[in-house]
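Per-chain numbering from 1; labels A, B, C, D and E assigned in written order.
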């Protein structure tokens, strides 16, 4: 029996045009997902610097997810294609260093996919919860 | 003088580790040696020396100084200093022992650096004579005798035995603690070893490196030497020499905001870095030549000028081995010092 | 340090039902920079907005955080409020505590906790906000249309109609394009020349339109509203302004056996020529590869017969530099080469022709004066086989065909089959098809008429091979519905060749930094909502350069592109998005990574002299972002290794501050 | 072991200096010992005769120096480049980091450079001289009465054991025989790590990176790291960091360092050569290279000037980040 | 009628994606053996796609295909009908029991008379 239920901290970077709108739609349709997910709005998924992801882990995030428009639908034509390459390379590197691969994810969520947004977040929170606290990319100084 | 068989060395380590943290050079996976905290099974390395110098024990690469915490609009300042445990550094070479003197003159003169002082007072240094110096060694240039290392306790290791001699009260106490494992002996064997070491010292390629061109008062003579430009031309501006150097003591003070509090800490800095001692008005050394010159002028001129002629180099040879472009203090001394040092 | 005011909205019970708004306002009070924090039922109401305005004045606020619904809902509202209170509108940040908090979380405790964190993140961000002003740039009120086919003509006419000057650049000696080569147009069967040539004349007579024929665009610099374009006017060795188009030179030219491109090489033209009777401009052009005078200085006959004195053998290529506010690409299409389709014997028999060649054969102004005669022997063909989808929908033959459907072939093949049967009822006409695709107004009716009224034999199945044998073409095909193999002795075979973008499109796209798909069709800014705009601001797409299109579609797109251009040129100034990228020149390496990822070509490089700290000077290549072109995606910021490139409004430090606030 | 000699290089450099093709020469300067060679600029034939050396210890990649030295030299600068150095040279040109017109490249063959650490591992400390003849090296030390003869192959640097190319991809002139691109096993070690469990990999890197002293030698020697100001040195970057306070900061620095050169790194191996703590940093770079090759097709940075690096490029069919692992798992 | 197992087996052996077929019939149009066949190349593809394998197995058509590969060359979708025919043929052979040839069997077959080419072809055919 767990006395203190473990709550992960999830940072979600959402592109302004598709995924942030998809998150809004999830809200409009009252599709629940855990409050552990905190969304940061960026103009495009390609605005997400690997440094931001590492920063989130340093500061205590247990999972980081990047959401953008579906490939081919980027508001800026090609931004998410770069995201796709960058994150494929970065995630593979994190895995190479022994960081749990389930802690990072890229998901394409359109403005019409409120349900997918909620489902994605529920699934991601569940996977990260199963992993437990982020120990491998933590900065002890930032622990409360 | 006391001695014990090498078989019993592990017992001595266990004994020491009972009431003090014991650090000694141990082999790492990459083949080099580094100071490790002793635990059952840790073996003393046969390497001549560690890549990182033991200055870390008194002057670690990063050290928290204090914390700030904001409560609403108020700031609390938190003193984070805690009582240190005693610790023993075992197997320090003569050059590195000497480096502590050089650091002491910086950190223990007024205003005393309380962090350094605290660590220094809790540390016991057990030195170890060098039986197989390297071609990069030139400690003799700075009148350091690797056959007679200083420290609280000096030690000599032969094929089968290890010999101890206390140099300070701390050292006496230390030897008393392990007296049941050691036995009193004369210094005949040690004297033979010293003699052998001295013979090797005479064969070292850098044995004639001399310092007569340097020292206090030489600033004007050396500062504008055209050789600085040539020597520094390939310097990458990395910090390898300063970070492996046992006597480099510059640090930067920085704040780290954890989100909940601010940690003020210091960390090693390198005069080779372009933003070293950057001030409001900008940098005071603008080119790599000036930064390069600073490092060697400091070691060979400025420091001795302020410290009774004591050079702040101990000839350990680390920078000779580790500089990515193989530029180092020996090449500087030979070039800047002219033929005199040949 | 900012002076931040926090305004927490209840949104009635929408937020307040799940989030303790008072607690949020209270918690945010002690955040750095916050000097005022309050809550209200409806922040977006007039009363709520007044509350913000008053607080700005009373507390001297420099930044505003509104904890409310999604910024997609009311960010604009609160920015206006801030502006009305004298603040820069970009000093407002919204914490989305409705759509992304109260509406998706049930529990008051966790909802409130999250709302506070989102509020903290917004405060952390606004603390680093700086006032932003959208850049303004003037608009050159002149448009450039590249390509003088029906797409370019229609676009130019529509723009000129609205009163803006337009230049058409056409690489051929005349405008008119592919449509000028057609005989009749589907589905109404009116003659192409009858409807096109009046438009060409309109273009020639419109004083707002300049035609640069026999010319190409060689360089494009600048950005939306301010393009600098270099146009190369090829030497035609005839003074355009003097030539009357009388044709005396054409008659007299002794070099008469040059394959006539206008008739696809099915007949000949002289070295000095006018492509066709209704050419615009109606000016002769000397083909420098054929003219004896130009090649070896022997002849000069045309100059002698030209009473106007228009011939000038010394003419040189001329470069014209002009400024434009908008550029329309209308480079059109070409049928693909049939040379590699060995099974259809195109290179082996003159009697295997393409549909475009068929158009010329049936055209009254064509090589056979409109009589359908076999190219090989000039005899009347009795059995004609049309093969559709030659090179279209061909996935496995990338080196010779195209994967896509060329869209127009079903209709023009029906047209050809119908016209043939109409004019020559004694012919037997077969059409081999994979699918017949005729969506469009009156299109399917048209196809059915060909079958039902004109007796064209449509066979479902592909032709497998064609073998010339004597005067006949042995056509081996399968009839999939009858499940039998057909062997037809045909007199003429017409291949509906796939169409592809003109070869000039790819280098042009590079000049324009406009993106293309793998088939070299221009990409539209949005496939559904912005179909006539390129993602590159100020560049518009008209006609088949964007994808296969028939004439009605091309004309409607041409009009649409024109209206977009007019909308742009009607503005005196363009106001940009202030959230654009900017490069810190002091730490920029000039490595070009950012320009590589920029979808808009907004980044250029210049060499700049820097004073080094040691008082020497150094010239370094640095990136410069054009704020009028940048759309603010941020792709460049991540690709920049030194971090010199940053995005206003979404700066590195701002996003990291949000991360920190969320994770603390 | 090298087939080209000091004399040949001096002769070439002297000729180019004498006919004013170049006004200075970037070459290797003699050290205290036979192995501590320093990159040096020579301005005259006399300087060359006095101080120029060429041996099995001339590993330094000169390409990066051109960023500063090409502009500083009055006329053209002569630079001797080994095959692997020419890749860095091209990559820097691609990034417009120096003026090609200011440089005269003499490509020289390379038989692989020696690693002094490997020599010392065999012969111990106290090396007095190292001679080279054919495949053998003769080492005299303080502690051996007789010179020790060792097989030159045994002390080849790791990067040379896995040499990827003996072919020069940029030069104005070549000395000696031109070689070819080589099928190397350079990704074997990366593959070995990939085959480990995440826990093992984590432990491996934790151990390796814990030795890092953040001297920045890896960065400062790297021909791809030529930023005017590194993000880790820039107080305004938000990630400035001078020393690794804990294992997170060790990882942060090395992940970002490798990421910033991903697609640009030519795998020259300078990072690992200069690391005073012998951290196999090149494995991080190679991991990116291996991934890029596998995900987006073979790509060798610097093979040609003007190439578009894979991370500033895309295709619409690229694999998804999530598929990275599915792929590998199905391979395993 | 619909034999899922055989269908999958044929798809596996041939390596052909039958669903790429867009029913243009160019394979049949191009086939020199068309008139000899009960089922024509495009029908082979379609019937395999529909799982109607038995009629194919029992049809003479199997052995009328000359393996001239004209259909493979001409197919605009890269479907490779001749490979499908070959796969059906192999399936028929397997059904007769003469299926796999093992590497160990080879030495026994080798003699000076038998061309190496034949062995290689046989090995290719009987080991898929």
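Assorted remarks:
To be clear about the criterion, a residue touches a chain if its C-beta (ideal position, glycine included) is under 8 Å from a C-beta of that chain, and two chains touch if they have at least 3 such contacts.
The shown structure was predicted, so the numbers you read here are calculated from the model rather than taken from an experiment.
For the pair chain B and chain E, chains touching both partners: C. Counting hops only between chains that touch, chain C reaches chain D in a minimum of 1.
When chain centres are set by their Cα atoms, the one at the greatest distance from chain B is E. For the pairs A-C and C-E, the count of C-beta pairs in contact is higher at A-C. Rounded to whole angstrom units, the spacing between the C-alpha centres of chain A and chain D is 37.
One simple way to say how far apart two chains are is to compare their mean CA positions; for chain A and chain B this gives 46 Å. Look at where the CA atoms of chain B average out and do the same for chain C: the two points lie 68 Å apart.
Shared contact sites, meaning residues of chain D that touch two or more other chains, fall at 231, 238-239, 245, 311-313, 316.
Shared interface positions of chain A, i.e. residues touching 2 or more other chains, are given as 50-51, 55, 59-60, 78, 82, 86, 139, 141-142. Residues of chain C found to touch two or more other chains are 597, 639, 652, 656, 660, 663-664.
Chain pairs that touch one another, listed by label: A-B, A-C, A-D, B-C, B-D, C-D, C-E.
Those residues of chain C that touch chain B in the complex are listed here as 30, 32, 612-614, 660-661, 663-664. The residues of chain B lying in touch with chain D in their complex are 28-32, 34, 48, 51-52, 61-62, 132-135, 200, 203-206, 233-234, 236-240, 242-244, 252, 254, 256, 265, 267-270, 273-275, 320, 322, 324-328, 330-331. The residues of chain A lying in touch with chain D in their complex are 50-51, 54-55, 57-58, 71-72, 78, 81-82, 84-101, 104-106, 136-141. In the complex of the two chains, the chain B residues touching chain C come out as 70, 72-73, 257-260, 282-283, 286-287. Contact residues on chain A toward chain B in their complex (touch as defined above): 59-60, 139, 141-142, 144.
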